[in-house]
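I have placed the structure first, in the form of structure tokens, so that the comments after it can refer back to it.
Going in written order, the chains are labelled A, B, C and D, and every chain counts its residues from 1.
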Amino acid sequence: MSFLQIEPVRILLYLVGICAFVGANAAYLVLAERKGAGRIQRRPGPNEAGFGGILQPVADGIKLLAKQVMVPPGTDALLFRAAPLMVMAPPLMCLAMIPFSDSIVARHLNVGLLFVFSFGSINVMALMLGGWASRNKFAIISSARVVSQNVAYEIPMLLVVITLLMVTGTMDLNEIIHQQGGGIWHWNLFKVWVNPLMPVTFVIFFICMLAETNRAPFDMAEAESELVAGAFTEYGGMGFGVFFMAEYANIVVGCSLATVLFLGGWQSPIGVLSGGLWGAGWFLLKLYGLIFTVIWIRWTFPRTQFYSLLNLSWKILIPISLFTLLLTGAMMKLPVVYHQFF
Amino acid sequence: MNPTLEQLTEHFKGLTAAAAVPADGPAESVSPTPVLVVVQAVDFALKGFHLDVAVGPAQVVAAAEVADRAGFGIDSITGVDWLAQNEMEVVYDFFHPTSPLRVVVRARVPRGSPELPTIGGVFPGANWHERETHDFFGIRFTGNPNLKPFLLPEDATFHPLLKDYKP
Amino acid sequence: MIAHKDLVPLGRVGDSPQETFVLNLGPQHPAAHGVLRVLLTMDGEWIQRAEPIIGYIHRMHEKMGENRTWAKFLPNTSRIDYLSAMHYTHAFVGAVERAAKIEVPLRAEYARVITSELNRISSHMVWWGALLLDLGGFTPILYAFDDREKILDLLEALCGARLTYCYYRFGGLYNDVDDAFLKGTRDFVAHLRPRLKMYRDLVTDNIILRKRLTGIGPISADLCRRYGATGPVIRGAGVAYDVRRAEPYSVYPKLDFKIPTYSEADSMARYLVRMDEMEESLHIIEQALDQIPTGPFLGKVPRVLKLPVGDTCYAVEAARGRFMVRIVSDGKEIPYRVKLRTPSFSNLSLYEEASKGMILPDALAMMGSLDLVIPDIDR
Amino acid sequence: MSLLTALRDTYSGFKSLLTGLRITAREASKPSITVQYPHETLKMPERFRGHVKLVLDPVTGKSRCTSCNLCVRACPSDCITVEGIKREGEKKKSVSEYTLDFTTCSLCGSCVEACPSDAIEYSKDYNVVSLHREDFSRMDLVKKLEAEAKVWAEKNPEAAAAAAAASAAAMAAAAAAPAKPAVAPAPASAATPTPTSTPAAAANPVAPVRSPEPKTT
């Protein structure tokens, strides 16, 4: 036990665990996505590799690894090679902050939320650099789109989070979860007495999360029917594979954050059985529920237009989130004002 | 808006009287073939069109303008290589979007110098059809800005629909 | 009629020519539906000029027509537009019948209408799915293919092929429509109606699709006329031009059907026209099934077919618009000239003018709404 | 007012999204519609147009083809080659080589329609696979028919025996009176070997000119 209490060992162990978690998730979420798409489209999905397709990610991985990593002539070779690494690092760092249960957290930080957001924003940088370094017109268009899309959606997302911070009063993710203990009605999602628009806030957060992770219907960066493969057009082999894995890792981060902030994290919806591994179970249940919704949405809707995507952000989401911010502030301060005067 | 067959016949017959000079484009390069315009109403059930108009190559633009004024749309342009007569026929098909009328305008050009003015100024859609006809028959449409190989390979110098074409 | 100048494209034309770049969209591009190449001069994502470059799968069907007998050209007609093979065969067969004055039995005519309309529905289903693929929706195409499969199964059981049917013959059909087919078609009509409602709920009413298509890619009636665009393109511009009405052929005059038109002239209008056409086709099929008489399915055709000298046209309303065959005969067994006027060719020719000043995804959405089949353009 | 409209639009838009999600969820709960191809296959319909094949006459156990070349003339892509030989005791010629160039065949069925003696039909064979181009560019239909005849003879011994007997009778009649035509085409059989039958011909059935080879086992 004492060995585990040595801080560097602890961090190392957790980081290894998180790498494994992210890797396994990225691999098997691809399979889940393909299986889910198959289910929605009434076909079995990949079912030949292994029992019912269970080895498909392994086969995909071997295929990608076996391919040569090509650096096309004329590209900025350093950036071209660095971009896949840069795109994978932020989700790994972010997940170190996410408490999977009361005790399972890689690094406990009292400004965890800030940390997650600051690293989450680097993701766009990697995509942009990858697209820029590719020296491909489709990739450059995609880079430009990624930047403007992420800038546009960072704002309502942060406004929503500020609203939430006003309610919680802390940036400590575990503390936020602790506040939501004691049953489903204590989750931030349902705290309508604090702010009647709390479910709307969650929807905004979810939409922004979809846009930030470049998921359909906001997959402007990839947009295969327009930009071939967007920023990844020139990437092949594991270069592309890492981008692909990072997309799923980002979804895991985004959905974990949504779980932590709105769905009570590892708290049980019935108020009991939240401790230890039970908590981790609840957390994963909520996490994969959200991820399933993300997959479901992707296979249902067409892609939005780029400008209506920006319109949605600037003209609908930002005003509404500003309004909820104002409303929450008013709701919180009104009693104080009331007591001061009466 | 919708013209009757009689009105159309009149309009096309009027072409004979009108000057046989196209609105723009080098009229000099067009050989002065007979200016007489033969307008013939045909049985639709037998032929698939209502009006058969034979014009000289120089009157093609004027004929297209008549069709345009009557509200016709460009259907297609094609050629027929009449090897025996040593002539090439350019066939302009027009359809009418609002009335059941079909007009065919034909112009014959000598096989040695197949050249006639473009009607792209009247019907922009004619541009592609003319390019295609140029591809297949080598008929030059003076004034068409883009007479390079279209359906054929970009280095094609042959015209496969000529009757004496040997692959 | 809406004039083109009234319809302002949603966007602007780039004003800094030195900042443009050339983007080669195709011939291998996911949105090119085959081997269409569009040379785009772009200002950022704004299209300044879009020049379609075609001919990558040009097969010179017209020359093939000139060196084989009339009957031997029949298989070719299925391969010009592989998605509406029935209509194309119909036009060629019709032209020869018109020239040779071949009488077609009524049963064959009704069977032609039924199979043609089934083919129209299946073609529109492919378009629907492909358009949604262009717009980034992956699921609808599989739903559409599920239903289309039923049509293909019906037609396969009828004439043995799933795509290149080559079902019509001069003077009638290749083989008789059997009761199983008629019953199967009736069942299919009953099956498709609720499915079309599902399509509407899933896609047509979807806000994202509406946003992506409404007001995008205006193509006015006048533009259609000047470029010869027909079919759903001109009907989406508010002109009720349908060859089935304008130049009645087969037994269409005996059948009651509406020509769906929308006056908005945008991509959504073209979309809605096609969706309505599927329902109209079902309506036509139902009537034809009720009216189809018994009798022979093949008329009297001379063993050696020689057509009288002269030229004959025959136009049909194919799934993409007006398809016309012009045959020129010099009295021999072999055609002197076969001209194939294909709708996609004319529909694409207006792309350069219509796409000016549009943003790239919108231009692709508009291209999807034109329903291009590249072999149909290249012939 | 416009704010109200905007709110209503947002609401109806959101509702349409939920409708879409509901539909895909409903479809997801339905059974799968695909056929797992290599494991399960579909039955081809009666009129399916596969590549053409020679019809095995259920009476004689041989082809009905008289090598009249009508199919060759009807073919738009010139992909059929037919060779026929006139055998002893037969009125008409019988096919000795029927080669289909499947690489250029467009499966139009003109040959089947043109055939006056119903000697060719469409096969139901839709997954024709080979590692050799020659299997398609020179698809030997006579060889395929022979393989089929072998199976047929094993399955219907009585019919095969009857056909053999009929052919023997015809052969005998032909030998007795060469001018008198035999009605049925004469298949050779192992039971009644014809004088011209050689093992070499049986081993190389593609040879264009050869004597009739043993067919029944």
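In this text, a contact is a pair of C-beta atoms (placed from the backbone, for glycine too) under 8 Å apart; a residue touches a chain by one contact, two chains touch by 3 or more.
The structure displayed is predicted, hence computed values, not measured ones.
Student: In terms of C-beta pairs in contact, which two chains are most connected?
Tutor: B-C
Student: So how far apart, in whole Å, are chain A and chain D when each is placed at the average of its C-alpha atoms?
Tutor: Distance between chain centres, rounded to whole Å: 58 Å.
Student: So, what's the distance in Å between the C-alpha centres of chain D and chain C?
Tutor: Measuring from centre to centre gives 34 Å for this pair.
Student: Could you give the separation in Å between the centres of chain A and chain B, each centre being the mean of its C-alpha atoms?
Tutor: Once rounded, the distance between the two centres reads 63 Å.
Student: CA centre of chain A versus CA centre of chain C: separation in Å?
Tutor: Measuring from centre to centre gives 44 Å for this pair.
Student: Note the residues in chain C that touch 2 or more other chains, in rising order.
Tutor: Counting only residues that touch two or more other chains, chain C contributes 139, 143, 146, 202-203, 206, 208.
Student: Chain B: which residues touch two or more other chains?
Tutor: Correct list: empty.
Student: Going by the contact rule already set, what residues in chain D reach two or more other chains?
Tutor: Expected reply: 17, 20, 23-24, 27, 33.
Student: Going by the touch rule stated at the top, which chains touch which?
Tutor: A-C, A-D, B-C, C-D
Student: Sort out for me which residues of chain D touch chain C in the complex.
Tutor: Listed in rising order, the residues of chain D that touch chain C are 12-14, 16-17, 19-20, 23-24, 27, 33, 45-49, 74-76, 106-110, 113, 122.
Student: Within the complex, which stretch of chain C touches chain A?
Tutor: Going through chain C, the ones touching chain A are 21, 23, 29-31, 44-45, 132-139, 142-143, 146, 202-203, 206, 208-209, 211-212, 359-362, 364.
Student: Which of the residues in chain C end up touching chain B in this complex?
Tutor: Listed in rising order, the residues are 54-55, 58, 60, 62-63, 66, 95, 98, 101, 221, 224-230, 234, 239-241, 245-247, 310-315, 322, 324, 326, 328, 336-337, 339, 341, 345-346, 349-350, 353, 378-379.
Student: Can you list the residues on chain A that touch chain D in the complex?
Tutor: Residue list for chain A touching chain D: 38-44, 47, 296-297, 299-301, 316.
Student: Note which residues of chain B are touching chain C in the complex, please.
Tutor: The touching residues are 44-49, 68, 71-76, 78, 80-81, 91, 93, 95-100, 102, 104, 123-125, 127-128, 132, 136, 149-153, 160-161.
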